[in-house]
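Both complexes shown next keep subunit A, but they swap its partner, so subunit B is in the first and subunit C is in the second.
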Partner chain A sequence: MNELRKQTDVVNAQLARYGVKFGIYKNNEFKEQLFPFDPIPRMIGKDEFEYLNRGLIQRVKALNCFLKDIYSDCAIVKDGVVPEEFIYASSGYLPECKGICPPKGIYSHISGIDLVQSKDKTWYVLEDNLRVPSGASYPMIAREICRRSSPRTFMEQEIADNRDYADLLKAVMDYSNTGGINVILTPGRYNAAFFEHSYLAEKTNSVLAVCNNLVVEDDYLYYIDYNNTKQKVGAIYRRISDEFLDPMTFREDSLIGIPHIMEAYKKGNVAIINALGNGVADDKGIYYFVPKMIQYYLKEEPILNNAPTYLPFYEKDMEYVLEHFDDLVLKDVAEAGGYGVVFGNSMTPEEKEKLITMLKNEPRRFIAQEVIDFIDIEIQEGDEVVPRKADLRAFVLTKEDTVVWKSGLTRFSRNPDSFIVNSSQGGGFKDTWVLCQ
Partner chain B sequence: MGIMSVSKVNHLLWLGRYCDRVFSTVRRFYHNYDTMLEADKEAYIKFCNRLAIPNIYKDKDDFVARYPFDMEDDNSIISNLGRAYDNALVMRDEISSETLSYIELALNTMKQTKEHEAPLIDLQPVLDYILAFWGCVDDYVNDQDTRNILKTGKYIERIDLYLRLGVESSEIQLVVRKLVRQILRTRLPYDEDALDDLIIATRKEEVDTNKALECLDKLLAGVM
Partner chain C sequence: MYHLKFTYDSQFHFTTPIVGHYFTVKAIPQSTDRQMIRNLSVSVDDYEFLNSGKDGFGNLTKYGSNSKEHTSFGFHIKGECELYEEQFEAERNPSTFLGIYLPQTQVTMVSNNMEHFFKQCPFYPTESNYQNAFHIMQYIYQAITYCQNATNISTTASEAFELKQGVCQDYAHLMISCLRYFKIPARYVVGMMAGEGYSHAWVEVYDKGYWFGFDPTNNQEVDHQYIKISHGRDYSDCMVIKGLFRGNALQSQDIKVCVEIEGQE
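Take a look at the complex of A and B:
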């Protein structure tokens, strides 16, 4: 490991060489910056990974069942397990998807499940990302570069190879493909995750497309070649949000969508990866119900824990939240990327009063969670090794079976006093090693 | 041919053009800079005029510092390299990360150059990286049409620059022959009359520069 640590500058220079960047908008200006990489990996032992593997597969299976149910019979609502307010009031619920069954019945092909580990080594799921979870490309390329920079490290350690992500992703696209080429749809060069879009297109041998390369005719999706030849698209891994995907169905002001793609999708003529409408299942409010979904659909006890969560929507929970306000973290369900997260004990009396009023007026809009004192992991800062908060985004891929990628994106906070690890807020990333023994 | 949209063809052509604009102007800058050391301190003015670059430079030293390295100057070498990068970045899936990395390296090298005491030494790695880029195009880009389109862009740019700089006709004819071979392989819709006229305009010892430049403009007007 010391050998690899000594190569930090070499690794970072290589990451710069390959343009491993993400974009951010500051003051309406687009800036690309390198994603700071820390060479000390997060290590997950074989048994621990086995446990996570079982728990993550179980969770994603249940979430896929939930999505299928919500857009068909809604049995889980009828049976009183999930209140309908949490479905129909969710911004991620798309009534336009009611009755549509995506090819092969898969909704969440690529799921990004965010976990943290508490100081007693218990893993908690913090968030499910079932729309367009990003980040797999970073540990993928970092591993390649670390192996080049410090081969001895990898001779001495038995680590599961994570460079199969592109193969897994391609298999997912091929499995759902309705006949035609695989396309990765990017909003374009100025999207925060453009590096990932183009890198995954290269590695999966897919065609990287922007909206004006694609057209729907007679309810089929086509890629228009330079000589005006139409190539049928069988699977589209879209890296844009639902609301921008089809201006004829959703936001009519979208300039990055494909008019009428919804018609092709409805008829089963193209697989959209991930399916439209998944936002209803990764809503922070719905998160509370995931353990109940596992019991309801799979008749199993949840393997992985949710962070202890309260829904002010329920009177009993509201009382608890008000009573223990200072001990809780409050999350606005409409926000993402680390925004809309406040710690009760860090608020001024005025801020607290304002938030409590909002809680009372819009209880559905917030969840409250116990603050998990998650473990610090080591990062290198100059010549020193310092502890920082970190999470883990595990990637779970679904085709005929569901598999967990033997790696993941470990994001850490560079600020010693912060729990926020998002890259858009200055966080860095690490590779995640799954040990073979 | 790989599956490619018109916009991708356009990016490839311009990537080829901007790479060669950087490469060829750096080489010409070498010659020009060397001349300016003692003999002709105002050689840069002729250089600007020939390339139709506005002479915004105060003097020779200002030109030497700004023409290669000033990102605010739209005509500078680094600005052209930035345009090559913009076109390359969106073509990663076609040209490969390995090939793209040489443009990234060239741009990072230029950005990191702070002092300009010896610009010819500072610019040497940029030439090396661009040559490595073209080497990668041959070895890492599997699709032959992608390679041919890139090289078509490269030769169009080189002829354009050579015409403007008044390079000897024999050198221009050599590049025209390369362009003809390349463009025929691309299967792009090009203007056949413009290609014939370009060959005629550059065949003579006294090249018809205006006519040749006009032909170059028409050659791939449909995709560029």
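Take a look at the complex of A and C:
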């Protein structure tokens, strides 16, 4: 391990050489940053991973059931488990998807579940990402490079090999494929995660395409190569969000989408990975209901905990939130990427008053959570080892069965006082080792 | 029962050739509880690929593309319609599809001035949605004046409200906005009305399992003069023609809608 630490600069230089970057748009300007890698891995023991594995599979199964239900019978709403306001007022709910059954009935093929561990070692799910969760490529390539720069570390430690992610992803695409090639659709070179798109395409033997390479004719999607040869597409792992995917159905000003791809999808002629409309299930408001979904669809008790969450939408919760305002963290359900998150105790009286007014006017727009005192994990800063806050994004893949990738993306905050670890806020990442014993 | 005959013709001209043209036509009426469509014919000019489908609201579509150079595009829909005495449509899935017609959309969003105005609207919690819709329709009808050129296709309810002018689309959006303000599910309808001219827009209001049509532009309940084409949350779900093309061309559009009442039984 010490040897690996000595190799930090070598590994980071290699990552830079491979273009492991993260793009950020700030004030309308595109800035590309290296995604800083920290060599000290996060280690998860065999039993602990076994526990996470069971909990994550259960959670993703329930979320897939929920999506299927919401776009067909809505039994969970009829039975009064989830109030309809939380479905239909969610910007992630797409009425255009009503009645569409995606190939093999899978909605969330690749789920990124964000977890944190508190000081008493309890794991909490902070957020589900069911649209286009990114990040798997970073630990993949970091592991690859670490193994090369410090082979002995990996001979001495019994670590689950995480280089199977590409095979898992390929199996997911193949399983839903309706007949044709696998394609990864990227918005292009200036996307925040372009490195990941190209890397995954290479590793899964899929075709990396931009919208101009793809065309819908007679309800089928085709890839047109440099030779003008047309090939039918059976599965498209699209790395652009729903509203940009089909300018004929959603935003007509989208220049990165494929006109009429929705029609091919509706007729069952192409698998779109992940399915459209998943935003309704990873909405911060819906998060509150995930444990109830597990009970409702699977008739099981939830294995993983949600962070204790209050919905000001319910009067009782509103009272609690107002009373304990300073102890809570408030999240705007419409925001993502670490934006719209405020800690009650860090606000000025004016800010507080303003937020409380907003809260009372639009209770559905906010959730409040107890602040979890995350465990500190070690990161290397110069020659020193310092404690920092970190989370874990676990990748859960669904084909015939649901599996959890034996690794994950551990992101940490470089700022000692911050709890916000999002890469768009300047955080770094480490490898996640799942131990074999 | 009333017998109607309808034609819907739309023709586009482009000043220079265009390529990469994609289109979706949503102007095809279908049989419902209140109308029966017979002898329907749908034709499209200048296409390379043409297919039929349904959108998420159940509206019929005809869509396709043309990658080759062309300077015109058109579609022609005609058929016959029988309208029943009962002028309402049952909602088969009230619990699964109703909720989307309650939240305001970008277009129907209530401004402060609108809220002030809606607060004085005659609304009686003890009356049915159907009865309240009458009061609301009359109230909206008086709020704005019909004017052809004051607003355009992307005018919101609040913009039309400030102008105090608008066309059927603006009347419908304002009425929907007010109904939803009072927690009454309401949807936007595009259709055709007896006579000749353009397509028309009105409102459907939900009450105890049924949708009832109200036409705030004419301050009347929807009757045997109306053929429904599509419905959605607001105009953007019901756009009769949507298209994308490449080319440095100006386009002009001719629309001819004609509905004749042939007789009554």
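Note that in this section the second predicted complex is superposed on the first by the 436 of 437 C-alpha atoms of A that agree within 3 Å, B and C clash if a C-alpha of one lies under 4 Å from a C-alpha of the other, contacts with A are read in each partner's own complex, and residues count from 1 in each chain.
Operating definition for what follows: a contact is a pair of C-beta atoms (placed from the backbone, for glycine too) under 8 Å apart; a residue touches a chain by one contact, two chains touch by 3 or more.
Because the structure is predicted, anything quoted here is derived from the model rather than measured.
*Asks:* Here subunit A is shared; do subunit B and subunit C fit on it together or clash?
*Replies:* Overlaying the two complexes on subunit A (C-alpha atoms) leaves subunit C and subunit B fitting together cleanly.
*Asks:* With the two complexes superposed on chain A, say which partner A:Ile224 touches: subunit B (first), subunit C (second), both, or neither.
*Replies:* first
*Asks:* First (subunit B), second (subunit C), both or neither: which does A:Lys104 touch?
*Replies:* Neither partner.
*Asks:* Under the stated touch criterion, which partner chain does A:Arg414 make contact with: subunit B (first), subunit C (second), both, or neither?
*Replies:* neither
*Asks:* Using the touch definition from the top, say if A:Ala201 reaches subunit B (first), subunit C (second), both or neither.
*Replies:* Once the two structures are laid over each other on A, A:Ala201 reaches subunit B alone.
*Asks:* In the overlaid three-chain picture, which partner chain does A:Met248 touch, first (subunit B) or second (subunit C), both, or neither?
*Replies:* Second partner only, subunit C.
*Asks:* State whether A:Lys399 touches subunit B only (first), subunit C only (second), both chains, or neither.
*Replies:* A:Lys399 contacts neither subunit B nor subunit C.
*Asks:* Can you tell me whether subunit B or subunit C touches more residues on subunit A?
*Replies:* Of subunit B and subunit C, more residues of subunit A lie in contact with C.
*Asks:* Give me, in Å and rounded to a whole number, the least C-alpha distance separating subunit B from subunit C in the superposition.
*Replies:* In this superposition, no C-alpha atom of subunit B lies closer than 16 Å to one of subunit C.
*Asks:* Do subunit B and subunit C land on any of the same subunit A residues, and which?
*Replies:* none
*Asks:* Once bound in the complex, which stretches of subunit A touch subunit C?
*Replies:* Contact set of subunit A toward subunit C: 72-74, 77-78, 84-85, 87-89, 93-100, 216-219, 247-249, 252, 259-260, 263, 266-267.
*Asks:* Residues of subunit B touching subunit A in their complex?
*Replies:* So the residues of subunit B touching subunit A come out as 3-9, 86, 89-90, 92-93, 96-97, 100-101, 104-105, 108, 188-189, 223.
*Asks:* Which residues of subunit A touch subunit B in the complex?
*Replies:* 16-19, 181, 189, 194, 198-199, 201-202, 206-210, 212-213, 223-227, 231
*Asks:* Which residues of subunit C touch subunit A in their complex?
*Replies:* Its residues touching subunit A are 22, 24, 49, 51, 53-57, 63, 65, 95-100, 102-103, 233, 237, 242, 244.
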